[in-house]
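Multiple structures are listed underneath, in structure tokens.
Each of the next two complexes has chain A plus one more chain, namely chain B in the first and chain C in the second.
Up next is the complex of A and B:
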């Protein structure tokens, strides 16, 4: 049995057609739906692989407004036995350190697992700091950029393969430990029994996701016993000086639209291309 | 090493029937399917029959399948359209359709096999088994010269007491186990089909059916340019299945791309009028169909590997009526029961021989291995007899009526020789002598081009791991594939096979066959028509039919 906690975050849905910007090019949060951070899906797949192969429990945790319940629901569709949301007005404006403190304290209250798994960076902040800072606060050894995991339950250790640039490194770590999955992480199921268990677990977790309430808990700062000085904006040493919008590239030449479906239109296109080539 | 009591390879109708019978009798059964879901690789014409002379039909497994399974329509009427130009003589072949038929339903394999797969998975889960998709079985696992399990591409080897090869017409497993080879072009039929959208109200109006009723229409005559075979149109709930089936050697000999016959049939006034001026193609598909007379394995087992359905070459053609799926269901149930008996008798290694005997004693054996049929066929094909028959059929009114009556004679239909007389001469003469001119009352359907058909299919391509390799790209060795491949065409820019003339480094022009496996529909035609190494793509890769 190997127990895992997976950290997840709600991020703006940056997909074409979903994302909306204000006139000043900043994100229109009101119009843009919040979804599960894509990298966290991979972290959940890693936890599911461990569950399939070794049993145990997968707990999903997140910090954010109460509306993030839908994000946890999305996470549970991938996999989760239960889900916790750390939610309090005081937690607002947290930087990565304040977030790591909150997550770490939450995990201690839940009960520390054998493995904590986080995805590689969030789609909005992109700092990649929360995972390592949480590991540091928990005093767990950390393996980043993990593309495959093997757990040796007898010797209580993990053998992970990590992508270091173009090289693949094999890292051994004692349990408990902290894993950050790489976007290239791939679960491997070479046994029919494992694949059948995967299907069963998938079916069960989808049913749980649909009726999340029985496995969902929200805890505020008091319930978590958090030091008010270490959470939210107050607990965040990071100072964001300025955010600069990436300017739109200037148009280098004027484009001419030629419409029509007949040969004449085609001839016109050919003519224009020929002219452009001649200069 | 992993071990399951039984492994069934292929979640088609035969494999699922076997697995369900095993699972509900307490056997731990694992079904391995290379598609992303059951049915994704499967194509039928198609009508599923229940045989009145066998208890082992689909209703043996699911007594109320007609209510619970996604079948399309109960086929209550069948017609044979004999065509000579625009002259058509339609013969009511309902008696032939009803011969030894308990029931008949049109169906589409995408929806049907998915449903069937769900039932099997639920039943198998209870004994620690289930249906796993995205797994390709490469061949048998051998130990001391005996088959003891299966080798998979995506999984480690699996041992089993019973292995059922239900991996279809192109079966990798039966070939790897040495049960059969690819055969020859004349041992196969090739079928191509389109599924066409038609609202239920239009189907009821155009075909005069109501409720769950449906009709089957069969076509023969000169509309196929002398290629030996015929066409069909079956009504589904809100679609039509329209297709053609030809002897593969005839397709090759006539040098006509198979889809052109299909298009010609769809555009013929008799079919165009049925379509009523509307034509919306949903899906194009193709498959090889074993000619059961020549392909059916009389001893379809080796050790505890038992082959069923298409993998064992089981197909029965009674004139224009082609039965395949029901043979698969029956042989699947028989194979499962043969194992159960062997287990009960404590003689596990007798599963294969139990199965062979049960098959022989069933209608499958009677229909496919019946030597009497061969004898009668010999007489029928014998020159003078044929000439007399032809003269009688063609030149006297009585002969004509007898010929028409003959179309409903099951025994006669079963032994009709595979020659031009059956496929062309007789239907054409009937149409000429007794038919009426059919004029187009609706706009001619605009069929899709091969490029459009390929573009409308869904593929998960496996670039860099091509499942077919050309071993000889000379036109002499592989040129026939260009014409016979159902997803290649002379006017196609994106088909599988092309002939290209290139200038080699020495400045010499070289004409050779070029293969692109991306649009492949995995029918197996080119395994017979070109010099290739051919196997199915790995799990989850390749074409994925929606309707089938």
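Up next is the complex of A and C:
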């Protein structure tokens, strides 16, 4: 049995048509719906792979407003046995260090697992810092940019392959440990037993997601026993001083503008392209 | 008159973590040293100070690297030369950084570094996060513009005195600017002390390619401070069992023709990728994507997953390409995308928005829905290229 905790986050839905900009080209968060961070889906798939192969429990945790329950619901659709939301007005405005502290304390209250899994970067903040910082505060060994995991339950070890810049490394670490999945992570199910179990677990988790309340808990700062000086704005060393639209590039080329409906003009462009390739 | 903030501790110098791979600095390491040199030369002039650029170099048999760090701009090099540190390992490297940054020695009498830079590479980002967790201070990520000056701050927590939020001048603040989201927003991140607690070092990771390295200058002098190893078994609990070079996937940097896809594929991502691939096949081209596609993580048919992965991203934080012909399909054209493709000889863009910024750096701008334009263009190209295929 290998117990996992997966951290997830709600982020603005960056798909075209969903994302709204203000007039100055900055993101209009109020108008943009919140969804499960896409990278976290990969972390959940990794936890599901471990559950299929070794059993155990997958717990999903997040920090954010109470409305993030829908985000946890989305997470449970991928996989989760239960879900916790750390939610308190005092936690608002947290940077990565304050978030890492809050997540770490939450995990301690739930009970520290064999493996913590986070996705690589959130689609909004994109710092990629919260996972490593949480691992550091928990004093868990960390393996980042992981593309595949094998757990050796007998020897209480993990063997993971990771992308290290220009190299692939195989890393061995004792359990418990903290895994950060790379966007290129792939789960592999070679045996029929595993594939059947995968399908069964998927069906069960979708049912849980639909009626999330029986497996969902929200805890505030007091319930988590958090030091008010270490959370939210107060616990955050950094501030965002200014957000501005990046100026668009000055004109460098004067484009010949043609309509996509103008067949003759398209034929002409095709000829120019052909010439440029030959030349 | 606003108050002027004075930190409680003593902080000095700009530290730079110089990542190496197989005993060569990754390019970002020497780029950061160059920028640190420029920033601190100006800082010393502006504040009549004499603060240093301090490089941190770990590895095995690294004498040449220590020398190079000095020749590239460092005044002081903290080094640890140990067989266990030959390849990057997050935990021991973090412990050693914390030890050097918080300790006192023959050179360092101050409490902690004032500023700290890390490369925004896979390993550099990770260690920036763990090192700053260990040093209990703040960190911006992926900066591409830095400057130091005094800043008037008004902040609901940082400058709250009693019940009142004051305006306070924070001197010598490192301004860390980072492009956000798909490259349309620029945030300035600051790391600021509050009334009860100092947050130093002020740190960030730096996007590779943002700054220019200095030429090596063998006349430059510097001092080397060894950090004693002193790690215990627990610090080495993660082990590299095997290490092999990654086959370079989707290298677009030497292609003659590139077809790139942007968020214009959103209404049917799978079909959009398919059309892009078909066009690429006619042109004998490879396929790139914009950062917008990487961020959006569209649900696509598994057979096409490889075409929406970050390895194919063209732009400031992806590959920098210079083909004979670059065809941008449904890419709006943030400046960060431009930085990856503006050296292309001929740029053709297709976009439904007649005001898409990419028009300003295209040779031909085809206004239209990519789902309609691509098949037509492809047919014409097949004819135009007929003789050479």
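The working rule: the second predicted complex is superposed on the first by the 245 of 279 C-alpha atoms of A that agree within 3 Å, B and C clash if a C-alpha of one lies under 4 Å from a C-alpha of the other, contacts with A are read in each partner's own complex, and residues count from 1 in each chain.
We take it that contacts are C-beta pairs under 8 Å (C-beta built on N, C-alpha and C of every residue); 3 or more make two chains touch, one makes a residue touch a chain.
All values derive from a computational prediction rather than experimental measurement.
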Chain B versus chain C as contact partner of A:1, first or second or both or neither: neither
Which superposed partner A:196 touches (first chain B, second chain C, both, neither): first
A:143 touches, of chain B and chain C: first, second, both or neither? second
Chain B versus chain C as contact partner of A:238, first or second or both or neither: second
Partner chain in contact with A:274 - chain B first, chain C second, else both or neither: second
Partner chain(s) touched by A:251 [first = chain B, second = chain C, both, neither]: second
If touched residues of chain A are counted for chain B and for chain C, the larger one: C
Residue ranges of chain A touching chain C (in the complex, touch as defined): 14-17, 21, 25-27, 38-39, 41, 95-97, 100, 123-124, 126-133, 135-137, 141-145, 159, 163-174, 177, 183-184, 229, 233-234, 236-253, 255-261, 263, 266-267, 269-274, 276-279
Residues of chain B defined as touching chain A within the complex: 2, 4, 30, 32, 121, 125, 128-130, 132, 135, 154-156, 158
Chain B contact footprint on chain A (complex, rising order): 189-193, 195-196, 199-200
Chain C to chain A touching residues, read off their complex: 21, 26, 87-88, 90-91, 94, 121-123, 125-126, 128-130, 132-134, 136-142, 151, 153, 155-158, 175, 179-192, 194, 196-197, 199, 237-246, 256-257, 263-264, 266-267, 283, 292, 295-298, 309-311, 324-325, 327, 333-336, 338, 342, 345-350, 354, 357, 359-369, 372-373, 376-377, 380-381, 383-385, 388
